[in-house]
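The next part holds the structures, each set out as structure tokens.
Next come two complexes, and both contain chain A; in the first it sits with chain B, in the second with chain C.
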Partner chain A sequence: MRLSRKRLAGGLMLAAVAAFALLGPLHGADPLRQNLSDALLPPGGAHPLGTDHLGRDLLARLAAGARLSFGFALLAALAAAVPGTLLGLLAALSGGWTERLLLGLADAVQALPALLLVVLVTAFAPGAFLPLYLGLALALWVEFFRISRNTAAGVLARPQVEAARLLGFGRWHILRRHLWPEVAPLAATLFAFAAGTAVTTIAALAFIGVAARPPVPEWGSMMTELLPYHAEAPLALLLPGMLIFLTVLGLHLLAGRERA
Partner chain B sequence: MTAPMGLIVEDLRITGPEGVLMRGAGFTLRPGEPLVLLGETGSGKSLLAQAVMGALPPGLRAEGRIVLAGRDLLPLPPRERRALWGRCIAMLPQEPWAALDPAMRAAPQVEEVDRLVHGRPAAEARRRTAARFRHLGLEGAGGRYPFQLSGGMNQRVALAATEAAGADLLIADEPTKGLDADLRDTAGRLLRGEAEAGRMLLVITHDVALARLLGGRAMVMLAGEVIEEGPLPDLLEAPRHDYTRRLVGAEPSRWAPWPRRAAGRMVVEARGLGKRLGGRELFGGLDLTVGEGEVVAIAGRSGCGKTTLGNLLLGLARPDAGMVRQGGQVGPLGLQKLYQDPLAAFAPSQPLGQGLAELCRRHGLAAGGVAALLPRLRLAPALLARRPSEVSGGELQRFGLLRALLLEPALLFADEATSRLDPLMQQEVMALLGEAAAERGTALLVVTHEAALAEKVAGRVVRLGAGGEAGAEGARPAPELAGQGI
Partner chain C sequence: MGALIRLLAGRAAQAVLVALLVGTACFLMVRLLPGDMAYRIAASRYGYDLVDSAAAEAVRRELGLERPWIAQLGAWFTDLARLDLGTSLASGEAVTDALAVQLGHTLLLSVAALLLSLLIGPPLGALAGLRAGGGWDGALLAASAALRALPAFVIGIGLMLWLGVSWDWLPVAGVGGWREVVLPALTLALGLAAASSRVTRDAVAGVVASPFFGFARMKGLSDAAAFRRHGARNAAIPVVAYLGLQLVVLIEGVVVVESLFAWPGIGHALVHAVLGRDIPMVQGTALAMGLLFVTLNALTDLACWALDPRRRHA
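Our next item is the complex of A and B:
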């Protein structure tokens, strides 16, 4: 696929964040080790990005947060994309009651605000990541389902599918040759958006103390912790926010569809 | 304006990145005398119109002189060229139903031209539009949306809008594409009326019948060059250039009739068939039998249910009344179909050869079958590596035929299979279809809106009642069935 400038920019931003996440540990500092005498140090010396209010190394914490956010976002988006897309294809291909049932289910899920759904699920096990992950997947699969079902239904109504059936091809062929080439690029685009949503959601929830909690190095919870020190260490507060911005912008640029 | 009237084009050349696309075109278009540009797809006739409009695709450049009412257009900056659109030059869109606003009723679309282009008050715009609609036979259509109107009516709405703009020069690009003979004649008469009312009319078409109807002068284009020019209809009666001769000869009415083939065992049979669509009866109580080796045509105006009838016979749709039965010798893959738009009938992302290979694997067919059929259908093997969108419509339709023939069908349903092709290509594809079917004893079911084509190819013609133009009026077509032998 030819890379547009937008996509290239998005890819570079994500590569930068990923490199930061992977190279951060080489610096050698422990993201959890406190040293109160070194609290709120400005960037420089042994702490290239300074320290937080408990004297923890910010570079190490931000890199750890990047690993957490990235991994989590990709897993959550994947957990939404795979069942969502497959169920959409199933609904379009089978029609009838299966389709109506799945559509009803999607409507029901969509009637709930996504964030509320996640908070609801996380409430069962505060501080744990699994419910957060489940809740996000549960909120995000609907979009994959809708896009894949609607696209597939449109393709199924085209002469190309009628022709394939007349030529004696079965469902598997229609799925692989006719539906998948149309659905896959849309699902890939949606995947990048969903990953972006997952990044902001985990940060937002951590910011209000759901799921990731101190001392876990997570961008959202780091911002909560550093909020009282905004005057003394504005950069320390700004850095996690900038990383979130860069990641989500990168994902959205990467998802951007090219117009020829 | 007292400037010289008319459009003068001198030595027009159009060049693109790959070289010269059109060279040396020159003509003078006077009010009242239509000019028809004849030629096949890719001959450069649409480029010429776009050059006159000032709407060439990016990367293309026009040189020469285009003088409209004494004004040299080519040196003008694009902004000034665009300012002429609607007021001085109007283009009748190729598919008016696609060019009209689907969410707006017909009359307001025309009224807004009066209001916005000419700054007339709303009441006056309404009055003028109503008069235009009466003149064009569109009474009662003003309050309807484009999707509630037939193709022909939409075309007249688009024409009313260009009339309202008041341009002296009207350019119509393939105005009869996809229209059946009756609608084509109506559209032709409307356009001729525009010329007779004193406007300059430039019509681009590959439809020889339309050219004959319009009169005036004609220019024939081939591969970017004007090869012949002259007054109509003389040019068509005595064409000098070989290409023009072939173009005229490709009209279905001039084809040699296909030899009639005796019907063998029954392939499909319909008894008391009835189908309704959107509360309207398409046909009812229809009996039809197609035997082995027979050629049966279903003719009728657009919208009368021809395709539906074919689909019922193939089992692709269910009848509301009656029944369809297949002969015992017909296998599960024995009924195949060719589509009106071949591009829509192939998986777009798959190279053609790969699709054919999969078909052979699926049914355990010898791979040599494809190689044997390619030369028979005059297809180059190199095309197998291309995707459907990378071959011409005629080539793709022949691939559709090839793919169906691989399965040795008992019946082949050609659903307007050549109606989107250029006349010469139509002639060639139909001939290949007929030969291939005759060699194999395949029955052919040919759906067409061209009565002449139906009569030339078919041993029997099934005429469905005329419901096409009605569409919105909801006229009830009489289910009439005329089985005629030739």
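Our next item is the complex of A and C:
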């Protein structure tokens, strides 16, 4: 990974959000504790970023939301990236029925828009996290599969791979020396985009009430809760949106290239 | 002609796949959701206070829930094939009747959003591509990167509070005349334009750098004439092809944006049905959205086919 200025900026944004997530608890406020006499306070004093409509500390809630979004997005992207990439390599290496079967499976998943698929899976248990996580992994693995299979198939057709085969090197050698160096950077780029998609999706679904629900401190559901108070507490509404923006932009910049 | 038929056959297969996926998921939902389905349906009809086991039994017999699951699966897909989507558990209305109304709203919103995005994205992208590397190009790149990092609901809230509340230009929710369409359509269009402007920019920059465009300029055509005669059509192919990919963004956006702006379309109904566990409505709305996605994709295929003569002989 060459460290361009763009990548550096993206990394710094993510580091800032991560630091906020990790240092937030030091402030010591409980993200769920309500105190109605302190509702909608402006920033300052005991509440550095103010409070929401139920008097809950915004700094604590935003930091808890950051831990949730970050951890969740990384886990979901990982759950998509590892099987997706490996199955792509498997398809390219084995060909034949295995490849056709996997390609058919990928087509089946992509017949529906990803968010629709995730909403359908979450319909099994609205408000729970496991279906959301499984649905995202189910929707996102396809892109890893396709990029890894297509790249690997291209590399396998090259003369140097043919030469390695004729020299008697096995599949493991070809996988390690020829396929992996080409596939890994693409999968890494895709990973950053997939994590970004996961952050946006979890926020969007929480916003419409299908995923995380109040009182869970999630950025999207915080915006749902605070929307009616936009006139009294514009900052409280703005901050979760800013954090989503920073995180996703950071991930996109870190990916370092345009999405294929 | 053979290529076109293969293209459309692929889309038809996708439509069947959508129906199978959605149908199976919804059938599983009925079987796997915790609790007694018949009792829950009865409760949503008569209210939790009034429901008893006799009412649940009546519902069970009415919906055939006491039969073995394989018979139920067969009946489920037979109904689906006959386009009998059942009745909403919440309202008792036939799902197809509800969908007919919602589909009109969603189509209006999607078409408005697509047209608006085509008015915003490609012209700005083409301007950037004609002078690739210039200041306008950089500014547009930054703007599109920023827009792509914002989820549709955040863009929507921003527009709602800015144009709807602070400036009080447009109504922030509901449906009625053209004024209600503007905010949700603009929200979707900005997200779409962020992507289509980049694709247009790259396509135009590629055409401008190509030898045939250089030749057209050299033989004396003005910038504008060379672009109109040799550039526009070539640059349009990737832009239209990319529209197909963007349809995912549009359909996904519709779910969220309709909910935000209380737009009574299919996306809004889907979210309501999921929250209310109204499984016939979940199935109907998900099916309608999936098939809308396939249909729009088939239309993009046709547009590409019409634009690019090379595809006709593939």
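Keep in mind that, in the parts below, the second predicted complex is superposed on the first by the 254 of 260 C-alpha atoms of A that agree within 3 Å, B and C clash if a C-alpha of one lies under 4 Å from a C-alpha of the other, contacts with A are read in each partner's own complex, and residues count from 1 in each chain.
Following the convention adopted for this analysis, contacts are C-beta pairs under 8 Å (C-beta built on N, C-alpha and C of every residue); 3 or more make two chains touch, one makes a residue touch a chain.
In this text the structure is predicted, and so the values were computed from the model without any measurement.
Judged by the touch definition given at the top, the superposed model places A:113 against chain C, while chain B stays out of reach. Once the two complexes are laid over each other on the shared chain, residue contacts for A:147 go to neither chain B nor chain C. Legend: residue contacts after superposition of the two complexes on their common chain; A:163 is shown touching chain B, with no touch to chain C. Of the two partners chain B and chain C, it is C that touches the larger number of chain A residues. In the superposition on chain A, A:243 makes contact with neither chain B nor chain C. Touch criterion not met for A:198: it reaches neither chain B nor chain C. Look at A:177: by the touch rule set out above, it reaches chain B but stays clear of chain C. By the touch criterion defined above, A:29 reaches neither chain B nor chain C.
Taken in their complex, chain A has these residues touching chain C: 107-108, 111-116, 119-126, 196, 200, 203-204, 207-210, 220, 223, 227, 230-231, 237, 241, 244-245, 248-249, 252-253, 258.
Every residue of chain B that touches chain A in the complex is listed here, in rising order: 314, 316, 332-333, 335-337, 339, 341, 344-350, 355, 358-359, 362-363, 400, 403-404, 407. Touching chain B in their complex are the following residues of chain A: 158-160, 162-164, 166-169, 173, 177-178, 181. Those residues of chain C lying in contact with chain A across their complex are 14, 17-18, 21-22, 25-26, 28-29, 32-33, 145-146, 148-154, 157-158, 161, 165, 198, 247-248, 251-252, 255-256, 259-260, 270-271, 274-275, 277, 279, 282, 286, 289-290, 293-294.
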